[in-house]
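In the two assemblies presented below, chain A is common to both, partnered first by chain B and then by chain C.
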Partner chain A sequence: MAYFLQLVFAGLAQGCIYALVALGFTIIYKASGVINFAQGEFLLVGAFLASVGTFEWQLNFFVAVAIALLATILLGIAFERFALRRMIGRPVFSIIMVTIGLDILLRTGVVMTGRSNERSPATPYSIASGINYGGVHFGANQLWTIVVTLLICGALYVFFRYTRYGLAMRATALDQEAALALGITVQGVYALAWGIAAAVATIAGIFLAINVTTFDSTLGGIALFAFPAIILGGLDSIPGAVVGGIIIGLIQLLTQGYESHFPSILGTGFDTITPYLIMLIVLLVRPYGLFGTRKVERV
Partner chain B sequence: MSHSLLHVRLRIFSGFVLLGVFLASCGNSNAGGIKAGPGVNTSAKTITLGILTPLSGPVAAPIGIPITKGIETYFKAVNASGGIDGYTVNLTEKDSQYDPQVQVSDYEQIHNQVLMLAESLGTAPTHAIVSLSAQDHMLVTAATLDSYLARQQYMVLVGTPYRLQVENAFDYIVNKLGVKNPKVGIIYQDDSYGQDGLTGYKEAVACYGLDDVGQATYELTDTSFTAQVAQMKKAGAQYVFLSAIPTAAGPIVGTGYALGYNPRWILQSPAYANGLLQVQGLNQLLEHEAWVVGQGASWGDTSQPGMAEMLQNIQKYDPSQQPDGYFEFGYAEAKVTYAILKKAADNGDLTRAGLLNAFNSLQNVDIGGLYPTLHYGSSANQRVPSRDNTIYAIDPTVPGNLKSLSGDFTGTCAAASQF
Partner chain C sequence: MSTNVAPRDTLDLAPPAVAQGWFASAKNRTLLIGGVALLTLVFLFGGDNWLLILNVTMIAAIATLGLNVLSGYAGQISLGITFFMGIGAYTAAWLGGSPPVFPGDPVGLNLTFLIWLPAAGILAALAGALIGPTALRLRGFYLAIVTLALVFIGLYLFKNARGLTGGPQGRTFPAPGFGDFSFANPTPVFGITLTTNQWYFLLFVVVLGLAALFVHNLIHSRAGRAFEAVRDNEVGAALIGVNRFHAKMGAFIVSSFLAGIAGALWAAYPGGYAEPNTWNLTLAIQFVAAMLVGGVASVWGSILGAAFVFALPLALDTFAIIPVSASTTGLTSGDLSAIFYGLLIIVFLIFEPGGVIGLARRGQTWFQRLEEQRKGGEAAAGTAPTEAGL
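This part shows the complex of A and B:
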């Protein structure tokens, strides 16, 4: 039982990281209809800057994280302002290619610093710290990942529901023309969405980097696992991104933990394809996901 | 002379010219008594060798770059002392990113420009070019110790295959430390490299009567190792072998500690890199809980002439180089490549066929104690370069950070293993 609970706890923590990555995708998609293929590299840039700040600039961990957050937010806003805004009215394919370009640019930028190989992650606690209860180790990083994800979800809920800017974002997501008619600055909404997505990605990157003990320029590859999460939850649903991420994380860890019991059926590495199998099934059975908007077309 | 006769003579002359051009384009020129193949320029007296190695990605900094620097340093020294029978050795380097597809693409780009590959790093990437190199009759000095590759005609390995490394590690536990029926497990990379470790593990379990309590895999894309480590913990494995790369071995040991699980971790040689000691908290864990199974003279042991020579060359050509086992490995590889080239040059045949003949007839290659004497021959069993290993503790107080625990030895299973 302790083994099972250990896997569930680790799966929850892993799922929270997927959820944070998926949140970034969803926020941008909801606001502007763009799927940001550079989301993974915002994780890398955030974790990288926090690490450089902590170990090379000798800054306090929280100061380093604040600088990383500020830098990625500015990067996100600048990209939206100077690249994406010029793409308004262009085919979706072109916009996707621009985000792929940003992805390559960010990763190459980190590599070109010559400091991207095998970095220690910035962390405020030792890798061994945590609580033991009932034969299960609740690691500090995993606990904080779960707590911070819940806090971010709560903050986003309050932001979207009760603040002026949050309402403006929701209105823009529902109907851009109506939002413009009401005096909402749609470009401001886009910039805000990119800023929030970059900040969330930075936090996810920092937790992920601590999780893997050392990291390099491939850290952003985890974004591939967020796709099944957003498809499962629904591409335009913020709660869906969180639920989808957690489900994918749980299933992946449980598969990883039990696949060796069925080697003749599952072979090895089955956990790697499980998220994509789920994605395929969801796309076939419920293409708009668990919480996504079902599109109705009148013919 | 009639017009028709002149025409016939011109056609014959043109035919000879075309034949000459064709032979020259095949690269089989014969200048100065040396038969030359692709990558050999007899007029400029240069030999070009290829290097396919990760210069970016997770394997670059800990393994790919230091190995390549070891090869570069050795050939700088060779060139400075007159080259190989007057031929200067040039290296054409390509970044494989530790990706088999990129490796194949890199190979396709350079295979007509080089005499042989002085480096192909990684088991899976090297598997990807085995048949291509065989088609091209091109020797490949490979930075992998995969036992399948050791059997291949055109592959030159330097050291004891992974499979035998695992067997020697458990020989140390059972025969040297006297631990009977230990509970053991393995976590291995889910590719050909990990499979070779698993093969050795299964042979060791049968050979030494080990209590195999768990086998788990990981993927290169994994970001959590909790499931694998929790599986070992649940099974109560006392010794866990890691057929892994450093970026996985670090988190696995760290996760073990976080879960309150502290077995003896045994790291296959590519699972360890000095960079792991830079990671806060992990360095103490590795010092206390991990062993590395590998080979080679301890860094700074100048009683070995190969080590003394290497340190001198580092001073001359790469003075910023820090002690690093992978640099040493690259340097040792380059010495074996040199031995093949030298023998081929002495035979007057710097073609690919000439290199294969030279390699098959090498027999023993003494690399000055940098690594134990390596053995080569024409059959699969003869191509296993060595069967011995050393078990190291990780100790940051010694140069290279590895301290021999066992001395060099060959376990009973590794000695008997057939390829």
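This part shows the complex of A and C:
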């Protein structure tokens, strides 16, 4: 039982990371209809800058995180302004590939600094610290991941619900032309979406890096598991992204924890494909996901 | 005036079709003869370094061609080409590999490559035919994600099917050969002694040539026109009587077939050894990059793009163009070329979606226009005096 609870707790924390990445996907998708395949590299760049900031520039953890946030936000906004803005109206394939181009550039850029191997993550608390209760180890990082994810979700809820910028973003997501006619600066909405997505991804990256204790340039690959999360939750649903992320994280960690009990059936590494299998089932049965609008691109 | 200037298509992924009668133009004939002469020179005097680069490029070009049929001509995104390459490679290993010596060795039936190479394509095509009906129900982003998932599911299957793939450590792959003659260890044939790389060069030229001819003819057939119709406007295509499902499936199967052939060769050359991890997402994205940089919906573009994405890092490595000290900072030729093609994808997609081939076409049109203007100017200058005389 303690083993099960331990897995559930770890799954929740992992799911929160997926949820943060998925939030980024969904916010950008809702604002501009673009799926950003480079989202994972924002995790990497964020975690990398925070780590370089604390260990090489000897900065306070929070200052380093602030720098990382600022850098990724500017990166996101610049990419949207100078690359994606010119791609409006192009086929989906081209748009996806431009973001994959950015993905390659960012990852290789981090590699080319020559400092990306076996990096220690920036962390304000000891990686191993935590609370033991009832035979379950509640790791400090996992607890903080869950708490911060909840705070971010709350903040985003308030932002979308009660601020004029949030209202502008919701209006743009509903009907871009009507939003333009009402005097909403759609370009500003795009920039805001990319900024929020980049910031959320950076925070996810910092938690993820602490979670894996040392990281390298492949850190961003984890973001691929957020694709099943957004499909499960519904591509255009922000609560769906969070719920989908947490479900995918839970299922993945549970599979990981129990697959060694069935080695002859499942083989090794079954947990790396469970999110995709779930996604395929969702696409076949309920393509709009749990909370998405009932409209999906298919023939 | 501009009778033979094809109007530039305004659609993003649709550069104008290659003009008919390619060989009719003297310039193209010169180009072709020049290219053949250059390849012959490299074949005879290039040495192993150049031949290796050319050979890898040619295999990559076969896969890029396959991808171009599906994504370029039929407009269906695929990030999963390495899955089908893996299927092809393991088919080749199963049929052509050496029989297991010890228990636990991966299987092999030791058949000739005249069987395993086509079989690699056919089995990959079958896999495509099985997956197609499910995958092709989806479009755009959904299709991209599903094909991406395919790569990961493939990696999992390949790692776990130990009897076939050797597990995570990988397995040996058969080298092509006839009877006692093997490409990996060639003996003189009719008194002619060629190196391993030269034999492979000949093989790959033939296979790539056939693949390119096949794709070229396919695209100029009814089926190919159906692909392009579906890409440009699905509803429109359906209205004029194109069966969208058949067109997409056809493209998917052809694409998988070529990927399977390329996969078998990719595993066989140069080392004849591959781990399951060979067939990963990064490789798949490299093929997409090759297609985009070279030219979407273009046979020559596929070959050029493969040369750019796959030959460049090899050339950088082979000829030690990166300073030796760079190795301590972790900068590899792979990284350097990744920066190049990452940047080129973005730049080309924004400014010239037709890739290098699109750029060449644009240049050609520009020159033609310049020439016409010059001629027009001369004509005007020629008539002016007579008018004045009258």
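Going forward, the second predicted complex is superposed on the first by the 295 of 299 C-alpha atoms of A that agree within 3 Å, B and C clash if a C-alpha of one lies under 4 Å from a C-alpha of the other, contacts with A are read in each partner's own complex, and residues count from 1 in each chain.
Going forward, a contact is a pair of C-beta atoms (placed from the backbone, for glycine too) under 8 Å apart; a residue touches a chain by one contact, two chains touch by 3 or more.
What you are looking at is a predicted structure, and each value in this text was computed from that prediction instead of being measured.
Chain B and chain C, once both complexes are superposed via chain A, clash. Of the two partner chains placed by the overlay, neither chain B nor chain C lies in contact with A:161. Touch criterion met: A:105 reaches chain C, while chain B stays clear of it. Applying the stated contact rule after C-alpha superposition, one finds that A:35 touches chain C and leaves chain B untouched.
Once the two complexes are laid over each other on the shared chain, residue contacts for A:268 go to chain B and to chain C alike. In the superposition on chain A, A:127 makes contact with chain B only, not with chain C. In the overlay built on the shared chain, the residue A:14 is in contact with chain B alone; chain C does not reach it. In the superposition on chain A, the residues of chain A contacted by chain B and by chain C overlap at 111, 117, 224, 268-269, 272.
Across the complex, chain C is touched by residues 35, 83, 86-87, 90-94, 96-98, 100-105, 107-109, 111-112, 114, 116-117, 224, 227-228, 231, 235, 267-270, 272-273, 276-277, 279-280, 283-284, 287, 296-299 of chain A. In the complex of the two chains, the chain C residues touching chain A come out as 12-13, 71, 75, 77, 134, 136-142, 144-146, 148-149, 152-153, 155-156, 159-160, 234, 244-245, 281, 285, 288-289, 292, 328-331, 335, 338-339, 341-346, 349-350, 353. Those residues of chain A whose C-beta lies close enough to touch chain B in the complex are 2-3, 6-7, 10, 13-14, 17, 111, 117-118, 120, 123, 126-128, 130, 132, 137, 139, 208, 211-214, 216-218, 221-222, 224, 253, 256-257, 260, 268-269, 271-272. Remark: chain B residues 56-58, 60-62, 190, 214-217, 219, 221-224, 226-228, 230-231, 234, 246-247, 250-251, 254-255, 257-260, 273, 275-276, 278-282 touch chain A in the complex.
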